[in-house]
Every structure is written in C-alpha cells, then in structure tokens.
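Okay, handing you the structure first.
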Amino acid sequence: MIRNIKVEHLHETPIEKQETELVERKGIGHPDSISDGLAEAVSRALCKEYIDKCGAILHHNTDETQIVAGRSRPEFGGGEVLKPIYTLLVGRATMEFDGMEIPAEAVALQAAREYVRNTIPAMDLERDMIIDCKLGTGSSDLRDVFTRDHVPMANDTSFGVGHAPFSELEQVVYNTERQLLTDLKKKMIPGIGEDIKVMGLRENDDISLTICCGMVGRHIDDMDHYINAKEEMTEYVLDLATKYTDRIVSARINAADKVDGGCDCVFLTVTGTSAEMGDDGSVGRGNRSNGLITPSRPMSMEATSGKNPINHIGKIYNLLSTQMARDVVSAVDEVSDVHIKLLSQIGMPIDQPLVASAQVIPEDGANFAAIRSEAEVVIDDWLENITKITDMVVKGELDTF
Amino acid sequence: MIRNIKVEHLHETPIEKQETELVERKGIGHPDSISDGLAEAVSRALCKEYIDKCGAILHHNTDETQIVAGRSRPEFGGGEVLKPIYTLLVGRATMEFDGMEIPAEAVALQAAREYVRNTIPAMDLERDMIIDCKLGTGSSDLRDVFTRDHVPMANDTSFGVGHAPFSELEQVVYNTERQLLTDLKKKMIPGIGEDIKVMGLRENDDISLTICCGMVGRHIDDMDHYINAKEEMTEYVLDLATKYTDRIVSARINAADKVDGGCDCVFLTVTGTSAEMGDDGSVGRGNRSNGLITPSRPMSMEATSGKNPINHIGKIYNLLSTQMARDVVSAVDEVSDVHIKLLSQIGMPIDQPLVASAQVIPEDGANFAAIRSEAEVVIDDWLENITKITDMVVKGELDTF
Amino acid sequence: MIRNIKVEHLHETPIEKQETELVERKGIGHPDSISDGLAEAVSRALCKEYIDKCGAILHHNTDETQIVAGRSRPEFGGGEVLKPIYTLLVGRATMEFDGMEIPAEAVALQAAREYVRNTIPAMDLERDMIIDCKLGTGSSDLRDVFTRDHVPMANDTSFGVGHAPFSELEQVVYNTERQLLTDLKKKMIPGIGEDIKVMGLRENDDISLTICCGMVGRHIDDMDHYINAKEEMTEYVLDLATKYTDRIVSARINAADKVDGGCDCVFLTVTGTSAEMGDDGSVGRGNRSNGLITPSRPMSMEATSGKNPINHIGKIYNLLSTQMARDVVSAVDEVSDVHIKLLSQIGMPIDQPLVASAQVIPEDGANFAAIRSEAEVVIDDWLENITKITDMVVKGELDTF
Amino acid sequence: MIRNIKVEHLHETPIEKQETELVERKGIGHPDSISDGLAEAVSRALCKEYIDKCGAILHHNTDETQIVAGRSRPEFGGGEVLKPIYTLLVGRATMEFDGMEIPAEAVALQAAREYVRNTIPAMDLERDMIIDCKLGTGSSDLRDVFTRDHVPMANDTSFGVGHAPFSELEQVVYNTERQLLTDLKKKMIPGIGEDIKVMGLRENDDISLTICCGMVGRHIDDMDHYINAKEEMTEYVLDLATKYTDRIVSARINAADKVDGGCDCVFLTVTGTSAEMGDDGSVGRGNRSNGLITPSRPMSMEATSGKNPINHIGKIYNLLSTQMARDVVSAVDEVSDVHIKLLSQIGMPIDQPLVASAQVIPEDGANFAAIRSEAEVVIDDWLENITKITDMVVKGELDTF
C-alpha cells in the first residue's frame, strides 16, 4: 500500500539566519527530567519483564510520574534533606497474561529506585526520597498482545515531530549540559549537580548562555570553593562552545547568586537536584525527544518517555521523525533544514500514517525535485522498517528526553 | 530603561500557504485539560484567599496535578465508575503570613472539587473521584510578598511564546470543541461528553478533522441513539467549519468505533471523560495557553496553568506574548503572521525581558520599517503595563489552556 | 455434633464490690471511633452491594482505616480548618464475581463520605477532609462465596470476648456520652462536639468522671458562653448519673482548660473532632464492641468494625459473646456476672468453636449446677443460630464500637 | 505530695486454677506487629535525633502506621512479590526548634527502612515494599520542650495496665514465638518466617497451641521439605513447653494446610510475612506491651509503640505498670497475682496519677496487711523514679509489643 508522504518546499529563513533563536535544555537532574527518566526506566523494565515472562512486550503506558518536592537544608561540606521528595509513578500496565500475574508494580518500583541511584548519586534513597506507585490496567479488555506477525496498529490519533540538523546554538546548549556532567564533573569538579538548566539565546551572532546548576554541598567546602567552581565551569563552557560555533559566546552560571551572603544565597543543594527544595516535576514538561526545547522549531507536546515502544504513536512517531530528519539531512544533498511531522490514524497500521510530512528548506539553488524524491525514499524506508524503533528503544539506544 | 525589543522580518511561507498543517485541541474534559483546569482553579482560589486575608497575592505555584485514571463500566442508559479516579493536587504555597496561618490546602481542595463539579457535571464526586492534595512551601525562606510598589522580579530564566492570527484550521479546530460543548450539547445532545479531542490536518485545501468524543451513557439510550448522535455532531461540525474556511472539510468522529459490537466497542463513558477508564493526565501536557497544540508554530513547553500570575514567567510571558501577537496583528497593518518570544532574566523586573523578539511575516510588498516601529510600540506598551496580565488572570479573563 | 461448651464457676469479687474500677468510652467523633465507624460503614455498604448484585455477601474485610490529623484554627463563632484531615480507607474486597466487576472502591468512598456527613455535621467535606481509598483483593484465590447451604467456616484462629451485665460505672460512662450527644446537644447545646471522651473511675463508692469534649466554635459565641455550656453539661451529667447509681458522682469537663486564656486555651474545635488538629486515629484502638473500654473486664483486642459478618471470627465472636452474656444474665437466675470467651478453629464451622467458655460469678448461695445447665442451653442455642448475628449486622442492629 | 496508691485484696480464683485460659502472641512479622515495630523504631530515632540536635527529647507521637497488604506469588524455592506492600507512617513530630528545622520525616523514613531490613530479612526493600510518610505537627503551639527540671505533665487522661507473674500458658505462648525465631530458625530451619501467631488455650490441665507460621519459599525446596519443617517445629515446641509447664501440651502448626495440594494450599510466603498477600496491619491492634494478648487478664487498649516516652501516659503507664507488677511479685512475699492500673490526670505531673491501683490475689493464708504496705512501697518508689522508664525506652531496654 502506497504511503501518504508529502515533501514540501518550505520558503523560510533558515534558523541560522534568523535574528533571534532560543534553545533550552533541562539536564537529567531537573525535576521534570527525573520524571521523564523514571517513566522511561519503568517502561524499559516492563518491556524486559514482559519479554522474559511472556515472550513479547505487552501493553503498557507509564508516561506519568509526579515528583512532589521535598525540603532541604543545604550546607557547604554537607547539609541534609529535611522532608523527603515524594515521587508517584503512574501509568497503565498489563498485570495478567495467560493466567499468570505479572509483578508490574514491583518491577516499576525496582526500576525507579535503580534509576535514581544511578542518575543522582548524592540522593540517599534511604531517607531523601519516597517512591510510591499507582499502576492501573488500561481501557482495553483484551490488553492487546503485540506479535511480530503484523505491524502494530496505532493506539491513538496523534503526531510526532522532528527536525535536523541541530543549529549551532542547539549543539552548544545540548553539549554544555552533557559535557559538564559527563566530563567536567567526573574529572575535576564533583560538586557539579545533575540539575543543570541551560538556556541559550542567540541574537544575530551573539550567543548568551544562562546556566542554572545546583551544586552539591558535600563536595563544596565553602564560598570560595563555590566561586572557583563556577569560574572553572564558565571557562570550560566557553571553551567547549568553540567546537560548535565561531560566534561570540558569553555564559553566566547561577545568575541569581549573591556570593556575599551565606549558603542560602547561592544555588547549593544536598542531593544535586532542586526537587529536594521546592521544585516539583512531571513527565513531558521538559525536553523533547531530541533532548532540547526549541520554540523556534516545530515541536510536539507528546511525552515520549514511558510510553510503550510498540504501538504508542506519541513515542514512536516522535523518535522516528527525528531519525528521519537526521537521515534526510545526511543522505540527501542540499538540504538546509528539514522538519518532519507524522500523523497517525487510530487503529491503522503504524507504518501507514495519515500523512508523513517533510518540510524542507533547501540550500540556495538546490534542485528541489531531486530532494523530494530522495527524501521520500528515506522516509518510506523508515516507515517500512518502523519496528526498528521499537528494538532500539528496548535496547536503550534512543534517548527520550 | 530601554527594553531589548527585536522586531525581525521573517522570510517564511505563511502558514496558510504551507502545504500541510496540523492543529490539535484537547477539550476541557480530557485528562490533561482537567489537570490544567484544576491547577488554574487552585491558583485562582489561592489568589483570592491571599488578597482577602493578606491584601496581596502571596507566592505560590500550583502548576502540577496528577490524575490517575479509574476504572468504569459504561452502559447505554447508565453505567458506573468501578474504581474512582485519583487526583493529586501538587504545588507550593505560602502557608503563613505575618503570624497568620493560611488554609492553603483546604482552599485548594475546595476549589478543585468545585471546578470538577462545574466542568464535568456527570462526575459524581461522592464516588467517582478522590481528590488528594500535597502542597508544600517553596524554596524561598522569605516567601516573597508581592507588593504594588514595584514591578515584580522574574522567578526564573524562562520564556513565553505566542502567535497571531489564528489560521483557518486553528479556528476550525478550536471552535469545533468549544461549540460542540457550549452549544450543541446544551441545546440538543446532552450525551456529548466533555472529553473531546479534535485533530485537524490540512493538506493544501483539504481539511480533515478527526474527533474523539467520549459520549455519556446515561444520555444515550442505545446504539441507534449513539449513531444518530454522531451523525448530528458530524453535520454540526461541517456546518460550523464553513464559518471559518472555504476549504473542503471532512470530519470523522470516534473513528475506532465498531458499531456492530456492544457498548464496549464505541467511545462510551459514564462521566464524560476517559480519565474514568485508563487515561491518566497531568498539567502542561495539552493545549498551550492559546487553547491549541500547533506543531507548525513556535510553542513554549511551559505549563501556563497553576503558576502564580505575579512573577512566574512561565505563565505571564506565555499569556502576554499571545496578547501582544494579537494586538500587533490588529494594530499594525500588513502583518501576515507574527510570532512573539519573551525571554526573562531571573531576578530582574519582569517588564525588562532579556529579549522581546517579534518575528513578523509581512504581507507581500509591505513596508517593514513601518511594521517594525509600530510593533515595537505595541510590545513596549504591553511591557509597560505588564501587571495588567496579573489582573486579568485573577479576574478569570484569560484562559490558560 | 456436640459443642465444646464450658461453664465455669468463677470465684471472684464481683466488679461492684471491687475497690477500684476504671471504664472509658470514646465518643463517636473521637478519631479512633471515626475510623471504626468508617470501617463498619464501608463493610455494610459492601454487604448491600454484594447482595444487590450477586445475591450473597462476598468476602471482604475493611477493618482498617487510617486518619491523619489535619490542622485547624478554632475560634469562638467560627474558625476554619487549615489543612484537611486525610483519611485512608484500607482493606480487602471481592472485586469480581462471575465475570462481573464490583465497584468496591466507589462504594467504599461513597459510604465513607455519607457516614462522615451524617456523623460529624460540622465537618465540611468539600474542604475539611480528604478521603482516600486503597482496597485490595484478599489472599484467597477463590474469593469465597458464602452461601446459605451450610454454616460458614472460620476465617482464622481467633477469639471473641463479652461480659454482662454492665456495672453501674459502665452504665454511667456509656450513657453520659450517648445522652450528651443525642439529647442535650439536640435540645439545648448545639456547641457540643462529637468528640467526647468519658473516663470513669470508681474508688469504692465515689465515682469521678473526667470528660473531654471538643466544643464546636461556630455554636459558641465567646468564653462566657463556653463556660456556661460546660456548667450546663456538668449538671446534666450529674443528673443523668442518678439514673444508674446511688453512689457519689463528680464530673469534670475539659479539665485542662485555662478559661482566663484565649480560645487556644480551651478545647474548642471547628468541626467537633480533634482529628482536625493533631489527633490521628485508626480502627480497633478504641471501644470494644460493647461500646466501652473496660480494663477490669476480659477484653479482646480484635477490631470488630469493618470485618465481614459472615465468617470473620474477630467480628462475629465478639458480637456474639456479648449477646450470649446478656442473655445468660437475663435468662438464668442468680448470675452476678458472666464472662464469655469463644475461640475459633480456622477452617471449621463457626458454630463449632474450639471452646465456648462461660465464667460465671454466681450470686451468694446460688445453685451453680442449675446455672451451668441453663447457661449451656443459652450458649448452645446462640451457636445453633449464629447466622442471626450476620443478619443483625447487615440490618445495622448491632453497634460495633 | 502523697500519692493516691490503692492496694486492694482481690478475691478471685488465681489464673492457674481457672478452668479455661486463653493467650495469644503475634510474632514480630505479623502485620500488626510490623506496624508496632515501625512506630517504635520511628519514635526511638526521633528521640535520638532530638537529643543530638536539641539536647532534649521534643514532643512527638508516632503511634500510627498503616500497612496495606500487597500481592505475592509464593513458590517453593522462590516466588516473588507482585504488588508491593504499602506502608504509611503517620504521627506528630516537632519539626522546628529554636529556629532550626528538624528532618523528622527523613529520620522516620530511614528508621523505618532500617527496621524492616533488620526484622524481615527476606523482604527486598527495593521492590517488595513502599514506605510512605505523613508526619504532621501537634496541637500544641508551644510544642513542649521537655526538660529535666521537673517531672513532665501527663499529656492526656488515660491509663496503663499490667500484671505479674506470667502464667504457665503465658510463658509457653511467649517463648514459643521467641525461640522459634531466635533459636530454631537460626540454627536449623531458615525457612521459618517472622510472621508467627501463637494461640494458646488451656482447659484445666490440657494446653493446646495453634501456631500459624508463614514459611519462606526460598528456603523450602518442596512439599516434603515443608512437611518435615513443620514436624521439626512441632517437636521443638513441645520440647520447649516442658520448661514452663508440666501440663499436657499439644501443638498444631498451620492447621489449615492441605499438604496434598500445591504451594497455594499451605502457608508459604515470599518474604516471611502475610502482609505480602492480603493481611493489612496497624499499630496497637496486637500484643500489649508485655508481648501478649490476654483476655483473661486486665488489659489497656492503648498502643504503647510509637508514643513519646516523656509524657505520653499511654506508653509510660503501660510500661510502668508491668514493671511495677513484676517488682511487686519479686519483692513482696505471698503474692499469687497482681494487677496494676495507673490512671493519669491530664496536665498533672506523671508521678502523681489520679489513682495507682494494685489488685492483689494473695496466696492462701497470706498476711494482706503486710502485702499492702510492701506493695505500696514498690509502687511509690517506681513513681518517684518514673523517668527511669523514659531512659529505658530510649536505650531500647523495654519492648513495647
């Protein structure tokens, strides 16, 4: 069956040439990102459990997690959580299959605790966080079994959106958070917390980065130490940015700090996340599945994290459209920017979207007819192999936030 | 102090001329919208309580609500909820002021129950829904008092996004849900439930609307009645669309129905919302503050509902940017489309954004210099009067989802 | 099959002749009693639902309810609850029968709300109390259906205890709470709250009553009014006591009051129960099934409220042993006191206890052989008709606390 | 000030000579006992925290814990928890002292998790149990500081009850549970679970013990192993009983087992407690502070566990009366049985009970006048040194259930 693929020539100022551009990334320790991460960790653990016990991934949707902030008393050299963070895992799961009960809530709890332990190492799960769980069953009486015999049917009328390539600012913002955590924290500054928010603004050729980073009290001895850490981080970030752009970059870390006050007047934490003190969080409120919030780009509101990777359009089409966009850019010449939108029809095979729309901003002078036909091939090919997305999700090869 | 206002000429195919366009609206009874509505109702009630007791709105942020779906057994002519929907109100509020304790949680509970009662009339709050509440205090030791003496300081580095005017498709989608509920349900078809999702796709000059609407069992006698209701609704929608567009419009309601099955095979509910059976919900996952989800337009990920209307950028700048965009369109000639983005600086007065960016797609042949200077005036004027947004929110004059 | 009934001559100073005696009653608005009442209301509603839908009472056990106290600001003439009381209904219920789902949690929620509304009229369920619910299924895979064909089997190895007649002090304590609420409050002093605790101490022929009663602010204008109310209540109680005893009775109400302080220094409430401010409650912690706490008498620790009335020994044997004791006293001459203890054997018919023990203190000079044989008849007769207890419970003819 | 101590000669058949006697003990892994243990562990941890941070124990009362049972699938050689047990810690604690915030909920959470880990070793806290916490503040605005300068004032009008010595049956029942767990499990049968309920019935000189013990699947290979373990346990119990009585003792373990069925038909567990499958639990529903439930003895309904050991009569007077009774028996000759009851007056020093009543059954021919005066000395001496109870509680020297 022929797929409804529309490749459109979009006449638009390419993002790099627009005068202003805004990009944000919430780091993995931001309360919204923790929620995303928990939702996805629970879904992955359920996938594994279902495959182990039933030979196939069963229906589930755990794309909701509510984090209720705690209270804390941060201190240089230590500090303590006063009131534990309360986290409620929420969603739907198949609890019974072929007469066998599946320990969905026990699996969810274990996966969530393991995720936090690995992601926020300064969080003491014995006293700093309560993880609660309310998984119900879904609306389907059959609680569909997904088999390999046919392409799954879309669970909903919904859409996914993706774009490529990343602009310079997008690269700078994304990598700033990633590198601070995976490189600088590991090698030099253990006091960097996981709750890093990077806000990037480009005005023509000036990029300014506003970074909020919750520092971890136990690794920061005093205010001098704190100030030094911020200075090193700033230098590191400015240096890092040169890999992605020649534009002029400035960076401010924890701009609201009053360093002549006490530890209350700077962004110090006990655990590395502001969820310890007043910042609630939930799924789908932060980064899109490409890791960024990009108001200048098409975006979907669908939460990608936690949905099942078999037939949940809100997950598959968001991940897929980003993959498609990247492949169009790499496989097709003369494409400046591409935006992909995939719209499903509930109850129809997921490889047959109601429309697969690609809006292409070609480079100046490009042959759009050639672009169209090549892009169609890339898109059709991905749809033909759509279950590859499922496999990549299960294997943990795709980030969702 | 001069404001950093940037009005840019955006060279872009105007939305009406793009080949494909996608627009979605989640109706007020969708689980995500119920969450939004609860969050905003709680914030409004707190504003009122603070003004009554303290003479000023105190710090709060109730932009989180988690709805955990229940279970139900819908039936033509009746049905019943089996397991109540569980709703957790979450957020931050000032609990004490000047030695006086404020009943924040009691106020929140009452406001939430009243909101549901008014919004989802078929929901029996005595047995169909549990409303729980976990409000904490914030991170600020002072728990800022907002006074009228000065412009409030931004609570965060964050941005708001808005656009105008609505495209034809946007108008059709928005009004379809609104009119089905406020007009057709009231006058003719009481079986229309509040959980209406409208997905609009435009391919060139063809518009197709996919509508999911949870019908209320007690008002639908049998399958014939159900089918008739859908037919009347379809007719109504197609007729309504002609007010907003001359394009060809088709509409499908509850496309996954199997009308030769029982009541399980169609979208029948007890209460009018799918939260009764398997659909969880949370704040900020649905409509943007203009009432729509528009992947072809710039959007912010910030939840507008539930945030305090004094200094919370995630609320004020989203509402403001939409108002600005609408005023630019109405006050400035020859503007085809305008996108507004406002970026705050934490700790700085909210009338002094780091940047106020307007991207204008002028009509063909327009004088952009004139547009720029007139638009700057509109934007500057709104910033000068930014606290008007606060007043409008408190008075309930601005929708947030 | 012959029943193991043991009637024993107990050589013991009858309670009226002991030098000291202690008796306590927690009124229906005490947090522990509210828990008891909720547990029993939920069980009764489930019984009714099961009978309506399935024609028989199905397995359930809802003998757990946790009340987490709120916060309040009582005032003469008004006051308000600041933080709602949180109530968690807990227990086991059959959720499915013969392919039909039973709305156990919805029924529980509705019954609980109705119970509070009827019992604590000053409690505003819209803002003063959150009622949450966690009912699970039981350990039995069969989820036993109870039929009329045979006597049910005991669910556990457990016992019930009862005594008769009430001593003078027991009558005084019991009726003090009852009459204050059902007579004096209704006729004269609406400010009497439901949270009344009566502690009675008899030292030889002196009885002293210590009464704690949470007064309801909205019905008490000021401190003078409060003091007057207490005086009227004291008079009423002393007068009432003369119906039950010729001993010397003294009474103190709210002994910790400091009436020269403000409303904080007396026992004033908003709702009539101390659950609004700091007093948590749970099931089975207060009155035994005869309405009293009697450390000088044999008691069972089993919670009577909330258990199913079909096979749950902890309920049936406690209710039954009290009925038996009362009938022995009324039907058999020359019995001064009787204590009944019934011990079940798990899995055996409930009319065949492992032992039914009656310890009788005969009047001086009584013929114990005659007492024994007559008491045996009473006891055997009750066991023969044990399901009468079930019927009385379902009809609401037996109090459980 | 002279204390109101009443020593009364009770004319009563001593317990050993009564024809029937009933005694029960719920082992430490019974859901009610786990609740008791958690409540007490939390209180001890708070005492320690308050002493460390504030130099004195501050007001708290954590005598409520609700355990909501999970679901499990036990198996010989393994098994798994399907739905985690949900545990809600409830109570009151001082959260702020002298401007310093106290991490009461974090301390409670940590203490609870540590308690379960130490007490129920087969429970995997990562997946088998959720521990949640709702601690509020109390009704006292002052949140009393307890100092050493004076004897604390009673928090309530309440009483404690104790008796001594233990009857033969009481000793047998108590030690059966204790030795099965601390001796036989450790040395020989690791499959013995912590959820052991011992019900003892004496009819004249015949003692029958009914023991329910949840065996731990991972340590029991198959049904033969299970049957053998029960046989060894039975032998062990009968042998143990000879230390405490010469009466004829019989014992039945897990009487409802059907050993020709599968593992569903015997009392097998995953974790060692029936809380994993359908048995809820709460504080104060099980053993009295002497470790037993004794319907033939005077009892208090007060929960001893979790209350603060400074001024909470429900704790102190129950512990004290048992100590007093034991000392009367050991220090005073010719006492067959003694029952102690202590009744407080709210707001009065705890060493000045409204009445301290001792009811003594002397041995035949004893000099009661001598007993009275000696017993008075013992009782007065304990009241004089009542704060010793507090010290013993804090040091963990007194069991509470």
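Order as written gives the chain letters A, B, C and D; numbering starts at 1 within each chain.
Simple rule for what comes next: a contact is a pair of C-beta atoms (placed from the backbone, for glycine too) under 8 Å apart; a residue touches a chain by one contact, two chains touch by 3 or more.
Note that the coordinates shown come from a computational prediction; the quantities given were computed from them, not determined experimentally.
Shared contact partners of chain A and chain D are absent; no chain touches both.
Among the remaining chains, B is positioned farthest from chain D, on the basis of C-alpha centroids. For this pair, chain C with chain D, the centres built from the Cα atoms lie 23 Å apart.
Here the CA centre of chain B is 50 Å from the CA centre of chain C. In this assembly, the C-alpha centroid of chain A lies 55 Å from the C-alpha centroid of chain C. Annotation for chain D: residues 71, 83, 86 touch two or more other chains.
On chain D, the positions that touch chain A within their shared complex are 71, 73, 80-84, 86, 101-107, 109-110, 113-114, 126-128, 130-133. Interface of chain A with chain B (complex): residues 6, 8, 10-13, 18-20, 22, 24, 63-64, 66, 68-71, 83, 86, 88, 90-92, 134, 136-141, 157-159, 161, 197, 199, 201, 203, 208, 210, 212, 255-256, 264, 274, 277-286, 288, 293, 295-296, 298-301, 303, 341, 343, 345-347, 354-355, 357, 359.
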